[in-house]
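You will see two complexes here that share chain A, one where it goes with chain B and one where it goes with chain C.
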Partner chain A sequence: MSKKVLTVDDDSDISIFVKTVLEENGYTPLVARNGETGLAIARDESPDLIILDVLMPKQSGIRMYRELKTDESLKNIPVIILSGIAKRTFLRSQEALTEFGDESIPEPDVYIEKPVDPMELAGTVKSLIG
Partner chain B sequence: MKMNKILLIDDEEDILDVLSLSLRSDGYDVITASSGEKGLEAFEKESPPIVLTDLKMPGMDGLDVLKRVKNTNPDAEVIVITGHGDMDSAIDALRYGASDFVNKPVREEALEIALKRAKEKLVIREKLRAYTLDLENMCHIAIGEVKRKSDFQDKLITSSNDGIVATDENGIIVIFNPGAEAIFGVPRIDVVRKTDFADLFPTEIADVFSLMFKSGKNMGDVGWKEVTIVRKEKSDVPVRFSATLLYDGEDIIGSVGFFQDLSEIKHLERELVKSERLGAIGQTVARLAHYIKNILTGLKGGTYIVNIGLDKNDTDKLRTGWCMVEKNVGRISSLVFDLLAYSRERAPEYRNCLPNDIVEDVCELLEGMAMENRIKVVRDFGPRVKEVSMDPDMVHRTLLNLVSNAVDACIFDLDSAKQQHEVSVKTRLEKGNIIRFEVADNGCGMNEEVKNKIFTAFFSTKGGKGTGLGLLVIQKLVDEHGGSIDILSEVGKGSTFIVRLPYKKAV
Partner chain C sequence: MKAKKLLFVTQFEELWFDALQSLMDLRKAGFNHTVFLHVIDRDKVAMHRGKGYLKDEEVKLREMANVRFIDWAESLFEQGMEVGAYIVVGNPLPKIISTAAEENVDLIVTGRHKQGKLEELYGGSETLEILERTSTPVLVYKYMLPSGKVNERPFERPLLTLDWSPASGKAVEYLLSFKDVLKKVIAIHVINEKEFKSTSAMEIQSLRKENKQKLEEVCSLFEKEGIEAESHLYVGSTFEQIEKAASEREATMIVAGTTGKSPLKEMFLGSVGTKLTKHSMLPSLLVPASVKL
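Take a look at the complex of A and B:
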């Protein structure tokens, strides 16, 4: 059975794009529109990898990443952050949350800034889960 | 003081004995002396308040005793004893300060009365002394207090950072503190009691003072006024000032003006505006960059999917990819339009058009996206809305923006338990050549905070998918067209945007 990859993005273009890249490379894509449904799907389907956008309405990627990494059953799933904001900014926001009393969490496995190249994305997914 | 001590002086021992006996029995403490000299000695030693002395004595006589006693203690009461019918001596004695006289032979009642008077005088004098002392003390304290107050006020005026300028009732300057020296750039010695306010103040301020003096009324509710003071050979000072008349009861006794140097505040304000602007530009650039990155990703994704479709001859893929490309090209042109519209003045271009057709066009454009998300688009076009002259591009732009916002509001609300999400678009003719366009949704709605910010540049609730320019541009376009926008919104229930636009008759 092919490996499952969950992509969480509120922009349908990016979802379709990422979904197509995953299909073309032999993975089973799962699509969520926001952090809330993303978490629910992650719990139900236990994907092998999660590709996560940062800026989304409702629950943002910043929060969802934090929940993923503090959930015993989810924390070992590798995460690729795919975002229009700079990696530096994302890490700063995580540091800020840590300083405000949340527990410290590891950096994401891979951080890709948009626009993303399909070959690069496919290569990254392969290097993480084969 | 012991009031019942009496010095009794007489050269006749008998009289001394009898009188002292009778006085002692009346409760007096009696000292006796048998001559003037001895009497004086006793007086100095015992300082009795009352002296009773015979006038005719060998050696120092009673008159001498009287003089010396009065010399030593003017307050002592001296009663002289005179021989029968010796009125002249009695008058002499009174002239020299005796308080009373009694005739020989001394009758007890007469002596009693004389003593009583003397004692009363002593008591009164004692009270008077106490009062006087009290009064002096009070005066001293009061003067000290007044001085302290005046010193304090002086220091207050001198050390105030504000410039304080006071005039007398004729407008002549009487107080000019260091703060005023700094603001007006002239030393107080050149001003105080030498010039009146009209010479010192710029016209704008002088007019306020003139008016106050003329009308006898204060500046009123004006409070602080801002003016710029132009100084000779020095930079201008922005100040704010307030002025008030000084009254003593009903009478005007002068005026006072308070001046605050605003240079530093103005400087900080400018700095703040500058840094805010820089911050805003930075934020703008970051937001735009993010937005453009999303568009680029969409274009890249689209071409990637088109390529796959071409490779595999997969028309489904071709269509999906091409849709993405088209959509993102649309997003870019829309962004460029918004940026240009936002940054430039644009006069409306009136042309004949059918508003209902424009709105129908907008509905068709967005219906695809709405249906994808199971959102119903409801049309309610007023049949009386006919061909008119207005700016059709502007109407299109405005409605496209509002309807797509309404669809987004429903999409954000998809997870809620609503039966059916819908966007309704209404047009109506209103009195006064106005067309009302109404776009209502039952999507997520807005809270007060969001409602207050929606017309702020680059404010967006759409994550990275909005530029935060749309409504701002709409507002500008509607303003330029002489129209208005009203908003009703409730969190969880939806929003309604009402745009009223004036039109001209079609030509």
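Take a look at the complex of A and C:
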């Protein structure tokens, strides 16, 4: 059975692009448009990998990532952050949340700033989940 | 403290990043989530004779907004704020209303848009329509003070205008929820000449005493929360006196309840809400009677 990859992005062009790359490389894509539905799908489907945008409606990737990494049943799922937001900002925002009293969490497995090359994306997915 | 959400509506004409940054003090009042909304006016990309739908133009406008929002979001994320963004094509009013509902926001921040002659005539009605259709308070934000300086802490010295309607009662309650960013509340009531039904000095003095007592009761609510408060009575035309009071008392914003009349009625009655939206030099926080607290 093919491995499931959840992609969470509000930009439909990016979602279609990622979905196509995943399908062409033999993975089963799951799609969510924001962190809130992304988290619900992650809980229901237990994907093998999550590709996560940062700036989204309802719940950002920063909060969703934090929820993933503090949830016992989800924290071991590898995460690729794919975003226009700089990696430095992502890390600083997590530091800021930790300072406000939240739990300290690990860095994402891979951070890619948009746009991404399809070969690079496929290679990164393969390196993480085979 | 309940986490609160702010919807920041910008057309990149009237509200920029410094306006947003000046609202970050609201984190002390529980606002830890900002949602950006930019509506690309349908007329800019809609069908044009011989050209059809201007898809390339839409992509260009979307990406311009996206670049700006990413930059703004980076600053807010680094301050520990949660951020979301919508860039949509359509008519601003329904998009503001639908986004406010979808995100369940606690406050809508909008600017005063540049207006043509027709819009000037109907100006302010857009804000009143939002208030009527969402039950969400609206901050019509003017972040530049008449002095030309940025209004860095708009919630520090609000002028609370009270007409004793249910809406002004809700305005008091709503303002109390900002207790952690308020320094001093200036509560005023304007006695309109029409209220002087009699020329008897005794009756006029009773009217003064009754209103002053009500103002003092409101002030005590703020004082109980450790916020300085003072009360003043003004006499004359409501909007003019509010502006005068705001200037004399060095207020940083004006807070008013709105009646809940239809925007059309409000417009023709020349309501205070409409006038504040159209003409006031200060930010105006308008609270509908239907707000859920």
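Simple rule for what comes next: the second predicted complex is superposed on the first by the 130 of 130 C-alpha atoms of A that agree within 3 Å, B and C clash if a C-alpha of one lies under 4 Å from a C-alpha of the other, contacts with A are read in each partner's own complex, and residues count from 1 in each chain.
Just so it is clear, a residue touches a chain if its C-beta (ideal position, glycine included) is under 8 Å from a C-beta of that chain, and two chains touch if they have at least 3 such contacts.
As the structure is a computational prediction, the values presented were derived from the model and not from experiment.
Q: Superposed on chain A, are chain B and chain C clashing or fitting side by side?
A: On the shared chain A, the partners clash.
Q: Tell me the contact category for A:117 with respect to chain B and chain C: first, second, both or neither.
A: first
Q: Applying the touch criterion given at the start, work out whether A:84 contacts chain B, chain C, both or neither, answering first, second, both or neither.
A: Both partners, chain B and chain C.
Q: In the overlay, answer first, second, both or neither for which of chain B and chain C A:37 touches.
A: first
Q: If we overlay the two complexes on their shared chain A, which of chain B and chain C does A:45 touch? Say first, second, both or neither.
A: A:45 contacts neither chain B nor chain C.
Q: Which one hits more chain A residues, chain B or chain C?
A: B
Q: Quick one: classify A:56 as touching chain B (first), chain C (second), both or neither.
A: Touch status of A:56: both partners.
Q: Should A:21 be classified as contacting the first partner (chain B), the second (chain C), both, or neither?
A: Touch partner of A:21: chain B, not chain C.
Q: Quick check for you: in the superposed arrangement, does A:92 touch first (chain B), second (chain C), both or neither?
A: After superposition on chain A, A:92 lies in contact with chain C alone.
Q: Intersection of chain A residues contacting chain B with those contacting chain C?
A: Dual-contact residues (chain A): 54-58, 60, 84-85.
Q: Chain C touches which residues of chain A in the complex?
A: The contact residues of chain A facing chain C are 34, 54-60, 62-63, 84-86, 89-90, 92-93, 96-97, 99-100.
Q: Give every residue of chain C touching chain A within the complex, in rising order.
A: Per the stated touch rule, the residues are 35, 66, 69-70, 73-74, 77-80, 82-86, 102-103.
Q: Hey, which residues of chain B end up touching chain A in the complex?
A: So the residues of chain B in touch with chain A come to 289-291, 293-294, 296-302, 304-305, 308, 317, 320, 324, 327-328, 412, 414-415, 461-465.
Q: Taking the complex as given, what residues does chain A use to touch chain B?
A: Its residues touching chain B are 10-11, 13-14, 16-18, 20-21, 24, 33, 36-37, 53-58, 60, 84-85, 113-118.
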